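So, here come the structures, one by one.
Next, two complexes with chain A in common: one pairs it with chain B, the other with chain C.
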Partner chain A sequence: MSTMHTTEERAEEEFLLSVEDLNTSFFTDKETIRAVDGVSFGIQRGETVGVVGESGSGKSVTARSIMGLIESPGKITGGHIKYRGLDAVQTFANRYSRSTADLTKGDEVGENDYVVVEERDGDTITEGYIDIANAPENARNRIRGSSISMVFQDPLTSLNPVYTVGNQIKEALRLHQGLRGREATAEAISLLEAVGIPDAPRRVKEYPHQFSGGMRQRAVIATALACDPELLICDEPTTALDVTIQAQILELLKELQDERDLAIMFITHDMGVVAEICDRVNVMYAGEFVERASAKELFGNPKHPYTQGLLSSIPSRNTEGERLATIEGDVPTPNEPATYCRFAPRCPKAFEDCEHVHPVLTDVNEDAQDHEAACLLYPEDVPQTEAVDRHETRNSAAETEVSE
Partner chain B sequence: MSTSDSRTTTESVTGSDTLVRVRDLKTYYPGGGIIEDKPVKAVDGVSFDIQRGETLGLVGESGCGKTTLGRTLVRLESATAGEIKYDGTEVTSLSGTDLKRWRRNVQMVFQDPDSSLNERMTIGEIVQEPLNVHDWPYLSVAVTGGGSDGVSVAGSKVEAFDRERHGRPDITVSLDGSTSVEIRDAIHMSQADVSVSVNGDEVEVGVKPSKKQLRRARVRELLDTVGLQPEHYYRYPHQFSGGQKQRIGIARALALEPDFVILDEPVSALDASVQAKILNLLEDLQDEFDLTYLFIAHDLAVVEHICDRVAVMYLGNVMELGDAEGVFDDTANPYTHSLLSAIPEPDPTAEKQRITLRGTPPSPRDPPSGCPFSTRCPMKIRPEAYDDLDNDVWEAIQIFRDVLRERENREKSVTQQFLEFTGIRDPYADIDEIVDEVFGHLDVPDNATRHIETAVEMVREGDSDEARTYLHEEFGSVCEQEPPDAYEVSETGRVSTCHRHQAEYESPADYLQTHVLDD
Partner chain C sequence: MSIESQYSDLPLVERVKNNPRPAAVWTGVFLALIALEFGAVMSTMMAIPFHVALDPLLGALPNAISAPLNGFFQFVAGIGRALAELPTLLDRTLIPNQGYSTPSGWEGTFLGLAPAYAWAIRVFVVYAYAFVVFYWLYRGYLVFRENYRYADWTPTDDMIDRFRGHTWGRFGLVVVFLFVMLALFAPTVSPTTAGANIDNPYGHTVQYYDADSGTVQNVTVGAANLQSKSVGDRQNFGIGSYDKYNRFHPFGTLTSGKDLFTFMAYGARVSLFIGVLAILISGSVALTLAMTSAYYKGILDLATVLVSDSFQAMPQLLVLIMLAVTLDGTWVAQIYSGALLLALIFGAWGWTGLWRAIRGPALQTVENEWVDAAESFGERADVLMRKHVAPYVIGYLLVYGSMNIGGYMLATAGLSYIGIGISAPTPEWGRAVNLGQQFIISDSWHISILPGLAITLVVIGFNAFGDGIRDAIDPQSEGAGAEEVGATGGGA
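Coming up: the complex of A and B.
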């Protein structure tokens, strides 16, 4: 376990954002819903990482956890969300020095520390992170909107109908960059132009209802870009749009990514959109990631039975006239710790062990590069029993780690 | 119009059994203005047939009028002009009891299962409601067999069968030999529940279960048909998932045993795997009950999967109409080409050249005078002199003309309007800058440059009107002048509405290859 960790950590250092074993639960009178249950992933600058899954699988909660938008009865109950944007780390280290652990000065990361400095060159921090999961509300507010922004599904509900579009962009500029008056207006106009909205100087004075659907989503993206974020979280940004407009928005996102070296986390249920825009893809099911791979690999060679089922249930050119493959049953509510495979009741390949061994993300085979599946069938090149053993050992290792 | 008429005849020969016949249907919403009262032309002259037992798909972007068309067919909206014949009956003029009776045959499943189910009613009540409204079952009794003529039917719950009113008898009493009774499947009674006594010319039929009981039994059966559990009867809509709610909507639509069901985006709000289940269910139900579907959707993959024939709509008009296979694999119309190329394929290795349309569809309040798609069409017909003009240059000329046209409507905002078509930044550029932005990076051949310069000169002199006319004469084409006819483009009778199908022009598919995609 320990050797594994170091390699993992080394890889993480390139990530702008790394999420480690994130747990977000909702506490209701009846039950505790583990909406995000031990999710880990990373996003590098300039790349697009997709999270796909059906509704209720926990995609949006993952995004909201990163944005610090989880509200009661929800709570992040464990894990780390490490944001490594150096500008933000520098600012935070200066502002919240009491909560900063400076490893270069021999500090240990304490319970309340959420800014960690790992390397510095004199006064300049060259490596470090902010742990959003442990940060208090006021610190989260600072990151949200300035370093990390989010674009939501429905552009009409994410814009306030009684303010002009310009006002809403200017609000973000005022809060995060301190711009006011004419300066803010000029910046708002140039943002609208950047997202391809024509005659921006007039549009900036218009209300959301005067915009078409695609135009509204462009305005929302402009608002999200207002503070020059490094990470953009897109939660189903094109689901409410027509295909020809969707194509325009996807093109816009790609352009903006190239221009600004944006890291994009892209949440969607549309496999076509994923294939189009994502470099790497995580498949989410009942609060867990069940498969991850590069987009090419995932679509060309899906390994987890859930991914296979999901892909074959999409009507496409080859299924004309045939019955569509379906996945039996419904997505379960993850309301207890997973000691088994949550997909097993619906899985066509389930066997006995699936009911009492919890699968963890494992390389799908010896040669697999960056392709993991959380299924007892993998790695596929070792005997079944050995594969199951591996999953079991890694589970208990994780448990002892937690109890320590 | 002549072409679409000839189509009608060919279709009525091939299509043996037309259930719905729509001709030149128009649905306009009146404009609210006091001085200017331009209507919104949501559906603007649409003609098609739906054969019994088939699924016709209706696709298009939002705002193209597909939902309005569907709602007009079930008389939820009233048609402004045109005819809708359902099984030979003119629907647009139905009223009163005729309308109510006709509506039993035509049902609708709505897109949003959340807003189409009453939160305060149980599932049982929701599915039963249409039965209550239409006083189902009639318990109509038909008497057959020897000496059945002139026999009257008596009984407190039953009524005599009348084909006009009931369509089919619920109970059939046969007087041949010993008296026997037959009950339709949808009505859940055993023969023991029905007592028949013959008194001379009067057949008295007694039915034991009450209508309420029969309705409840019918609801239970419907829940089972759509794949829900009996215990769901007493639950409320919020206790169901999206897929289950859509099943409830389908059960409600089937309650009155319709022949024709309009499915308005029935799976758009659902996840892929749930969507697959509902699509399979719809196919099963169609087989089981001989249903005819009008399937409205914007997801072309779904439409291709479930539909026999497809109509592609744009701005209130049908652009292409024909067998699904032809529409998708041997696409004829430029708009269909553009729409298909915009769909993201679930295959990251797929390399397809995308046709990116500029802008958004024009307002249906003020549609273009010629072809509805002419403002965005990448395959617009060019005057002969410019046939070999580079595609980028041609597109730039179109943009330039669009800008000037907009200037006419809004004198002050020429640059603003120009930006709508290009996304270029500086809104304060004057005409020279516009020309520079549009044509600056292009190598415009002399013959075109000359005309553009003349037009620019006119604009400079403040005569943009003249400039527009000049450009229109030089670069305009039939696409902007006349609405195209529907041309038959395949042996299966598929039709496409585009000027390019005339013999003198290059067909859209060829043109796409030679002019649009290769650069």
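Coming up: the complex of A and C.
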């Protein structure tokens, strides 16, 4: 067990952002909705990680948890969001020394510590992370924008109609790069040019309503880039746009990623977009990740019945002239800890154990490289009962860990 | 348009330097207009009772600090007084209306005209000046908009255009403007002054021509007032009348023989002071609370609801009467004959309604994605609310605020009518209504009716102005909506 732990940690150190067992719940009068229920994943620099799923599966809540934008009655109830941007860790360790645990000096990570220093070279910190999930609001506010930026779904509403586009980009520039006046305007113009807006010097003083949908989304991306982030979270940035503009925006994001070595977390429900832009994909269902693989593997060889259902419901992939397959029913509201498979009621391959055993992410088979599915059918190269047993033991192991 | 794009990223000063002519012309005319009235501006400043606030403060401080501080204040006050002495265009002494009638004509009045004409000319000049200044300020905005503004178009342009096409709102603006100017220029537009006619009538004299002896005599204003009482059918000095001492009374006299127009002009100051101060207090409290409760929501919002409900649950009139009675004789109640106290009470209760009115819009605006977007790039909470939420709420605040001002004035008049608002000698319209009510079916009907009509008109004016603002800030009311409101307004 202990050796496994270290290898896991090794792997995770390469990630710019690693999310570990994130739980975000909304506490309403009627029930507690576990919108994000034990989600773990990581994003490396220069990589695009997709999160796909139906509406209401918890994609946006995951993104907002990372941004620290969860509002009452929602709350992050558990887990870690470790951000490893070195600049941010260095500034944070200086600024919030009281909440910093310095492992090199033998500190233990205490309850209120959210900055962890893991390695030092002399006095300079070379390795460490900030745990966004446990950071207080003022610290989160410093990370927002400067290290992690977000592009929202609807460019129509994510720009304030009463300020010029330039004004809004300059607001971000002022906050994060301390630019003002003419300098800021010049930088705003060059950002608009960077996102491919023609005639930027004129456009910079126009209002959002004078922009078309695609240009507005470009302006939103420019605003996000104004903070010079290392991680960009895109929450369905192409959903409100038509297909040609979609393609342009995706192209733009790729270019920007190459130029700036951005890590991108890309949230969408559009499988076509995923195929276009993502390196690795996480499929989300009812607050949990049900399958994760590289984009190529996922599309070529989907394992989870839900992923298979999603892919077979894309019109262009099914040209045989048959009726388009659909997944019957809706995403259930995850309002209790799962002791069963949440997809079981809609699953064509469900069997009895699905009602009693909660599946966890498992390698789909022995030789699988980085392809996991949370389904009792896997690993597929062991007998069914053994597979179910594995899920069950890992579940109870997780439970004891929690109760500790 | 083409000129503008050249200035795309220059600061305003640079933009003005590049094209100084329109700005220079505008500024020159504006400075000339201000210079005409500079002394009056300063004397208005000096009329503010600074000592009331400063004396307790200075008394509380140790002598070592308060002595030099007091010296400094005296020095500033000295400069202020000197500047206040500067002659001004609209000074009443430039166009005097007080004189006496000799067999050969009027003596002492402007160009020997009858006091009524001299007074009318002065009022006309005052309002003409005020309108010109107001227009010039608007003109200044247009100059800025056409020559120097960074953007070709802003949402404000549309608001102004919509307001300009809003008949009912324009009517309101005119009424409000007339009222505010009446208050601002009270010493000039009044046929006599409050100091001479109301506050200290026995300390001032007035000249008159004694026909029996054929000489010019002096009489104290107090004694003259005794001869000019309006007390019903027995003796009355009504609208546009002269009394026995050749004094002109445009709106007649009060039961005490004092001039009603002077009383109303100075009364307008009190009403305006209370209305504006109360709305500033209640408006800023409401806005601050709306912003914080919309940002933090949950328990804070609930707490604000509870507090505001508790305030509203108190019977306001009884609380007002109680406070007015208990605080009677304390220093708060003495400032401006209780006007400050009333303004504070109205402010302390007024925020509840205003907050309720803007809470919904604030909560709604916070939900917009641009607020999240601004938050996601790390905007501080206070800047976030001020920049991205407040502009959407301030419009509502203007609408309700302008309507509430009318309400506060009405309440002030009502309280003064029942004798617990503004105490004598400070003029207040409600007190005039009260004074004249026993003569309302006699010749002296003007004592009650004129102030009553004036209150009604001003309140309607503020409400109409509020209506106009509401339609102006609502982009959906463009065109037909404004026309309809205008039509009903004209009919009503």
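Just so it is clear, the second predicted complex is superposed on the first by the 396 of 404 C-alpha atoms of A that agree within 3 Å, B and C clash if a C-alpha of one lies under 4 Å from a C-alpha of the other, contacts with A are read in each partner's own complex, and residues count from 1 in each chain.
Note that in this section a residue touches a chain if its C-beta (ideal position, glycine included) is under 8 Å from a C-beta of that chain, and two chains touch if they have at least 3 such contacts.
Only a predicted model underlies this, so the values are computations on that prediction, with no experimental measurement involved.
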{"item": "Fit-or-clash call for chain B and chain C when the two complexes are aligned on chain A", "value": "fit"}
{"item": "Partner chain(s) touched by A:Pro201 [first = chain B, second = chain C, both, neither]", "value": "both"}
{"item": "Contacts of A:Thr164 with chain B and chain C, given as first, second, both or neither", "value": "second"}
{"item": "First, second, both or neither for A:Asp21, with chain B first and chain C second", "value": "neither"}
{"item": "First (chain B), second (chain C), both or neither touched by A:Asp113", "value": "neither"}
{"item": "Partner chain(s) touched by A:Gly213 [first = chain B, second = chain C, both, neither]", "value": "first"}
{"item": "Partner chain(s) touched by A:Thr185 [first = chain B, second = chain C, both, neither]", "value": "second"}
{"item": "First, second, both or neither for A:Asp242, with chain B first and chain C second", "value": "first"}
{"item": "Partner chain(s) touched by A:Glu392 [first = chain B, second = chain C, both, neither]", "value": "neither"}
{"item": "First, second, both or neither for A:Asp102, with chain B first and chain C second", "value": "neither"}
{"item": "Minimum C-alpha separation between chain B and chain C after superposing on chain A, in Å", "value": "7"}
{"item": "Doubly contacted chain A residues - partners chain C and chain B", "value": "201-202"}
{"item": "Footprint of chain A on chain B - complex, ascending", "value": "61-62, 241-243, 271-277, 279-280, 283, 298, 300-302, 304-306, 324-325, 328, 338-339, 342-350, 354, 356-357, 360, 413, 415-423, 425, 427"}
{"item": "Complex interface listing, chain A residues touching chain B", "value": "54-55, 190, 193, 196-202, 212-215, 242-248, 250-251, 269-276, 278, 295-296, 299-300, 309-311, 313-317, 319-321, 323-327, 330"}
{"item": "Residues on chain A engaged by chain C in the complex (per definition of touch)", "value": "67, 69, 71-73, 141-146, 149-150, 152-154, 157-164, 168, 171-172, 175-176, 181-182, 185-186, 189, 201-202, 204-207, 220, 223-224, 226-227"}
{"item": "Chain C residues touching chain A - in the complex, by the definition given at the top", "value": "5, 8-11, 150-155, 296-298, 368-370, 372-380, 387-388, 391-392"}
